Structure formats: structure tokens, C-alpha cells
């Protein structure tokens, strides 16, 4: 696992291009700090624009935001962005030469399959980001199954090679859920008895991850899930990124994840959808 | 710029606020580079309680104008878990940590503890007293009193009694972290001093709440899993300055100033207002090197002024 | 969206915070256009005291992260000056003021008063009771008690006594504006209710301070002429929400929610938290039309939801 | 006195040009509201940029800032700006097409001289701004005496016509204080007995205004002083802009000024230089 230096670094944007409903932001990778290696698939960085971070209508964003390192290639880090709020909006506006603060690479990466092992990559929406760097890293080919809400978002599939696509509105690819593609893939895998059991690598919205988790639990397929949670720090300092673990305690997504083994969770929950308010 | 805080020697006046820097997790994320320029001149642990606590259900964070509300709920392994699992690691980290301005490695470890009763606190403090690795103890008195619902640190007389009851349990420096959510903070500081505290620290977070935003599920209901939380960051900076100045005017023991510090000028203001030491909290979330950056800048200014 | 507040009929739920809108000065600056779409559904005067006050020496303002500290010091002409000079003008303005959502002109005038003792307050309230132009009285209980130095509104028992002493002096609605600088704001709200208040309003400003900035003269010394001041604006919004929610849960009388409101969603949050009416303060400094803009937006949303 | 509408208006920047150490910001004048007339000399507006107001290092500026309307001509309002802090810095950055919020025109203007009366205009630094619109408005010619700290600032004199300049460092014009020019002017005015007594119109830093006030008091010359003070609202709502009056009470610069008759003051004080802190 690559270690980050213990301070944020100022990086320059080299490009910001539309990819359907998303943007791909590229930045010049920082010089390696002593002990730092290349970012590993599943790791993320805490990002803030140097200029105009805050001060909008609600004076947010104030804290940095977490983004998967989607690719590390030719001296650049790539990020896939979806504009869902003030922080992502601001980052989507950056252009070549803009400066950003980055702390990272952070977090527990995907554990790569054992030599000769098979991987199945399953992504939903902007959660496809860490699967790109994972695909770049994997030795052999692996099926890539991606779900999107519509055609504009489905263009994001171009971030990976040879992806099978499903859309909620049926406008592109399979008409339905990506987990239906996964069920089919696992079925055929099972059918081909004798071949090694695959490991599922998944990232996407909580409902999708939960469906993947449940399906893999049902079929006894090992799965690694890249989680999301609201984060203030990204390095274990604030305890804000808690998600419930199977034992009833909480894990910190930033340091115990973002990639966790599916067996660590009883369920993937919607952040904000639980949290009973004490009377 | 070295300072002495109730018997502890600090290489510079910048430390961390309890619960805002997990040295073990930071060491895991950043490796030994963390210790080469350690952000703080002393390390304050997060709050430890007698029994383990899981913390509050999420969401635990809410970002607001120039501030953060947290509703973390003091997750910790409990006293025993802390002593067995965390303390040896913290001891190692603190021994190799070289803060800005220091020629040699080593920062004092301050352990922050909380209990609902004087007896609980006494047990915690007595246990810390046994540990050579612990240089000082900080009492977090923001725990609600079960009968009144108010923080045990909110009432001066009650606070004096609690501190006096705990004081005999250790000869290590005893710091009382005051609650800001009360009418007369200087009176509480004086009570802590009268009870035998060697220093006071303030401010802790201001009680705050938020509702789920319009587009979120459960819009209009409480956002934080804990119902309410504590506000920190730039939004509370001027409230902190007022409380620190008012307390420093009234007590003889040293004051640790905390609240909204983002850069050297903010630390300078707290020192000018009478604090001996300044702690950085939320700003470390934005940059883990905030503490050493501020310390270096303060030292640089101090040198150019000679 | 009309609301009834302790017997007052308001065309919409948005009013002003005391001391943040001078209707006489605004009328002089903007002319009759001010009344054509009046920003508020009721007008709250600035705090009136028995004797005239000049206010604090300048500087009186300090801008901080997402907030403003003021140290105005309640300048006012005194009760007599208010009744003789201001009241006739305010009566005229309030009679012609048409708030957002109203077909006809006329907003109730609420007079805010402060005194250091129950006797002073009683005199002020009794004088207001005589005036047909005054629809309701708001007690500002943030005045320091001369013996303790704490706000008279900071202690529930003392507050109950003060309100009970004042209550018989008027049959007009009596609103108590609580102080936020205390440990148990809901207990104070209950005390106000027990003393006979018809409504409570909160929050007033948080005690805060600032030092003169580096490049200013007297750098490092107190910036505000009054030494300390009160923090308002977005920085206090989540503290206000927590206090309003906690109070609304505990009292039966209506609550006026105040603190950091800048737009309709912030007002909505306070209403969702249990407030009946919302007051706008500092944001009116940035745009005098803030109140009517928020009221219009709330009404528009209310309509589309039918 | 022109009345402002009771709400801020969004205006567009038409130009932002350097003038020595200053910038001249021009905006398209707003459509006149009912009852609104042209801004009068000495009136000001409360200004904020629509974008990026706040969110900088200290998350200031948060409140709008007061600026004299330096000129109103050909459908534009002109402002003269000096970058002294976060608000003026932000406004100095605006360019053609940028949007700003403006509340105004506000405040008590200069009282113009009686018909046939003589005026002497005295300005210091950025305080020359309201003298430009005053010069535009005056019927006949009037001496203009301007003081600056150095040559770069003295270029600001081009805002007015036929100005006599003094600089603190002697690099341009008279080597010394602008009040020395004023003393000379008043002397010669006195010498020309029989001619009407002039009225002094002055705006500038407190120390300069105080020197003007003292000189005029000494010579019995009526003077109108345009004051400055930190302001939160600009329309009398906050009581933050207090300056001490001769009777020991305070006036509000925004509504009782910014132009006051010199006789209303015992002294022009430095904001922040007084204000004894109670023990």
C-alpha cells in the first residue's frame, strides 16, 4: 500500500475533459516522496481547489473531498468527477493550469487476485473510477460490468476497455441492473466447473453494492467492495466516515477501507438513510 | 519558542486538540515521515472512557458555513483497550516524533479522559498515573451529568468538586478541558484551578445541529446520527478568543487556547489573548501538516523580531 | 402562509431581529418604496432602555469567517425619546408597510426593551402598554446583572422572577428574547413561559472577541471599542438551530427562530425545527430586501406543494 | 438627495482600468427606480462582487463595502478603488462583464455652494473620488488641491481636471501636505477681500481631514467633510459606522453623512485609534 507524505501537496491540472455526464480531470502527478510508490487501485486522495474553495452561496465546500485515483499513467493522475454538490461543481470548473491541494494516496487498496486468479469488475455510476486503474493493473483480461442511469452517463464506460453496459432506462446495453449482468456472469462461471472461482471487485452507489454483496454472499463468491462515506480528513483523524461492521461496531472507511472484504459487512447501508435519532 | 506547560517542556507552542488527530492512524497512512516533522509539540489522545464505546450512528459530519459539526460520540476502546493496544504504539510514535524547532525527538503524550462521575474519572486518572508513557492527563468535562443533563463542567461548584476529587489520583500535570456551553466560563476555569488543575484548555465545540438537506432522504429531519453535535472550525474562532481572553485574565495557571486556528496569525491572537499554548483541531483535517506549518511560521516571526 | 404569533396576525412568518433594521433610517434612505414591499411581516424595534445611551466607542464592527461581531452597545434615545420622537414615525411606517403576501398595508410593531432590574423592565413595559401603536413587547434579557456580571437571562430562576414581575404590567403579548450564552437554554425558555411569557425568541448573538489585525494600529490589542461583542451571521446558524429545536421541544408557547438566516432554506430549517416565526438579522445588512425575498420564496414553495 | 430602491441591484462591469496605483471600475448604471434621481456628489454605494465574495484565506469579505460614486456619466457609474484588503482586492480583479451587487445611491451628499459661491476642493488619496463627481456638477471652475503619498498614487489626479498636486515624498508637484496648498489658497482668498468666502469640500484620510478641519476652523472657513468608517449596512440599520460628534454623542456616517459639516465634529479621529477598552 502506497504511503502518502504527511502534508497536502499542490498539484496542477493538465486537462479537464467531458466524458458524457462526467468530467475527467487530469493532474500532474506529484514528485514521489521518500517511501512513496505509485497509487494502488482503490486508493483515493483528499482534494480541494486552491482558489475559490468555499465562499459560494452556502460558503461550502470548506473541507476537502475524497476522490478515487482513477488512473495513474504518464506522469498524471486521473480523476472521474460527477457534479453532485458544491465541491464537485468547483472541481468540474477547473482548467489547465488550475491548482489543487491533494493529500494522498490514501486508504486500503483492492487486494489483487492471486496469480492466475480471475477477477470480475462491477461498477455503478461514478464508482467505475477505481475500476479503471484496477483494470490497468490486472495481469490478464477480466469481465467489466458497468451500470448507469442513462445514455449520457453510460458514456463514462469509455474509461475502461471492453465494458458490458447496463442502463436503468434501457437506452444503452442491457435494460436493467448491472447486478443482472453479474448474476449471469457468475452463473456461467459456475457452469464452467473446474475453472477457478472469480473474485468480484465492485464500486458504486450503496444500493448497488448491497445487491452485489447479497448476490456474492448467496453464491459464495468472494467480493471486495470499495465504499463511500462523507469524510472530513481521509487519514483516520476525525472518525467521521464510520459505516457499521458485521460485529455491530464501526469501521472508518478512510483507513479500514475504502476497499473492504464483503464479509466485513452485514449490509451496505445508504449514508444518511440510517442513524436513528435518539429521542 | 520552547514553552513550559505545567511542567511539560514543549519545543514550540502548538499541540493538537483531543479527538482531531489519531497518531496511530496517521502513522499507518504516512509512515515514519509523520515523525520526522511531527505536527505537534505534544500529542493529545482522543477521549478515553472507562468502557469501550462504538460511537454514534452515522452520519457523523455536517459541513456548514466556515465550520464542521461533528457527532462522533467518542468511539474508543475503553481504558483497558487503550492501555493494552494503543498506548504502546503511541509511546513509540511519541518517542520518535520530532516537532518543528526541536533538535531531538520526543513529544509528551497527554491522555484525555472522560467520565460521568468523579469516581469514574478518578479511576481513569489513577490508571494513567501508573503509566510512564503518559506525561499528563486532560479531563474532558463535557460529559452530561445524568441527573441534570448538563455538562458536568458547566457548573463551577460541581466542577471544583470533581477536579478536587480526582486531583489526588495523580502527580502528573492535570489539565481540565472546559466546556464552552455555559454562562460563566471564567468561573469554571477558576473552579478548576481551585480544585487543583495545573492548566485549563478551551474551547471545546459549541452545541449545534443540522437538518437533512432538501435533496437528501428524510429532508427536514435531524441530519446527524447523534441528533446534535459540536461546531468547530473558523466559525467559532472569535468565540474561542473571547473565552480564552476572559479565562486568561482570571486564572494563574496556564491556558491552552483552542478554536478555529487555521494559520499563524490565529495562533498569535490566542497567545496575545493570554494562552500559553495553542491547539489545532479541525484545520488538521484539511492539512495534517497544519500544526508544524504554524509552529514554523511563529518561530520564524519570533526570530526576525529579535 | 399567514401565521398567528401570540395573538398577532402576520402575513408571513418572516420578521426582523431587534437592532438589525432601523425602519426610520431605512425610510429616509429608500423612501416610500420601503413600505410598498416591506421586508418583514412585523417590525421589531431596536432595544430601548430607560435612559438614553450613546453606545460603545468605535470600532463597533469586526468581520470574521462567515460572521460579524458587533459591539454597538445599544445606542438609543431612552424611553422618553423613543415615545416622543421615534414612535410616531414608526407608527406611520408600520401602518403603510405592506409585507410580502399581504393584500393590505399594516404590520404590527414590536418594541424591544432592556433593563438591569425587574423594576426598570416593569417601567418600560408599563409605558409600552399605554401605547396603541405598540402591538407587543419583547424583553431583551441579555443585560448583565450588576452583582453577578452574568446576563439576567442566563439563570432560569432569576429569569422566571423577572418575567413574572413584569408580566402584570401589560396585556399585550410579551416575548422574551433569551440569551444563548448559558448552559441550559431550554430551562430558561421554560422559566420564561412559567413567568408568563407569550413567546420566546432566540438566538441573540454569541459572545465573541477580536484583536486588532497585524497591520492595524494597536495590533494584538482588543479591536472592538466595547472590548467584546456578539457574533451573528452564518457562523452561528447551526448553534441557533440546535437551541431553537431544543427549546421548541420543551415549551408550549411559540418560538421565534433567529440566527444566520440568509435564504429560504435556512428559514425552512428553523420552522421544521419547531419555530413559528423566523427573524432575519445580519443578512439584511447585505440586502435590505432579504426578508421579503425569503417570505416570497417560502410562499411560492408552499403554493407549489398544495 | 437621491433615494435608492430598498434592495440591492445586480450591475455589470463595463471596464476596469488602472490609474496609477488605483483602478477605475466602471459599471452600467442601473435603470432608475421610481423616485430615483442621479447620484449626487458625495453619495456612495454598498458593493459586493456576485461571484467569489468570501471564501478567501480568511473567508472575508463577507459584508459589502462602501465606495463613493466617483462619477455618473453616459449611463455609467465610476468607482475609484485602492486595494487595501480582501474586498477591494476582489473588486480590483473584476473585468468587463463581471457582475456586482450594489445598494445605493446612499448617504447625505455635499451641499452645493450657493449660486455665485466659491468652492475649493481638497482631496487625499482615494478620497479624491467624490470630488470628481462634485467637479462635474459645479457650475463654475473651482480650485482642486490633491495630496498623494507618491508619484504612482499621484496619477490618480487625472480623475479630475486642473488639479494642483502635493506629494508626501515630493516626487510630483508640491513637496509636502495638501493642507499647505489649502492654507495658501485660503490666504490668497482672504487677501482678495471683497470676494465671497469660499466653502471647502474635502475627502481623504482622517489625519488629512482633521488638518483641513482645524485650518478651516482657524480661518473661519465653512467646510464640508466626507467621512469614512467601517460599515456593515450603509443604510442606518447596524449603527456600526459611528463617529463621535461635537456633543459627545455619535453620528452614523452612512445616514448622517458621509458628508458632514465640519462644525458637527470636535475632531476627525482615526477609526480604531480611539475606542478605549473598558478594563
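Per-chain numbering from 1; labels A, B, C and D assigned in written order.
The working rule: a contact is a pair of C-beta atoms (placed from the backbone, for glycine too) under 8 Å apart; a residue touches a chain by one contact, two chains touch by 3 or more.
Remember, predicted model here, so these are calculated numbers, not experimental data.
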When A-B is set beside B-D, which has more C-beta pairs in contact?
A-B
Distance in whole angstrom between the CA centres of subunit B and subunit C is 35
Taking each chain's centre as the mean of its CA atoms, how far is subunit C from subunit D in angstrom?
33
Whole-Å distance, subunit B centre to subunit D centre, using C-alpha means?
48
Mind pulling the residue numbers of subunit D that touch at least two other chains?
54, 59
Where in subunit B do residues touch two or more other chains at once?
64-67, 234
For this assembly, give the contact graph shape among line, ring, star, complete and other.
complete
Of all residues in subunit C, those that touch subunit D in their complex:
19-22, 24-26, 28-34, 37, 39, 46, 54-61, 63-68, 70, 72, 75, 212, 216-218, 221-227, 233, 282, 284-289, 293
Could you pull out which subunit A residues touch subunit B in their complex?
3-8, 33-35, 48, 54, 58-64, 101, 103, 106, 229-233, 235-244, 248-250, 252, 255, 270-278
Name, in rising order, each residue of subunit C that touches subunit B in their complex.
62, 64-67, 69, 149-151, 154-155, 181-184, 206-211, 213-214, 220, 228, 231, 234-239, 241-243, 245-246, 260, 265, 268-269, 272-273
Could you please specify the touching residues of subunit C with respect to subunit A in the complex?
66, 234, 263
Taking the touch rule as given, give the residues of subunit D at its contact with subunit A in the complex, in rising order.
52-56, 59
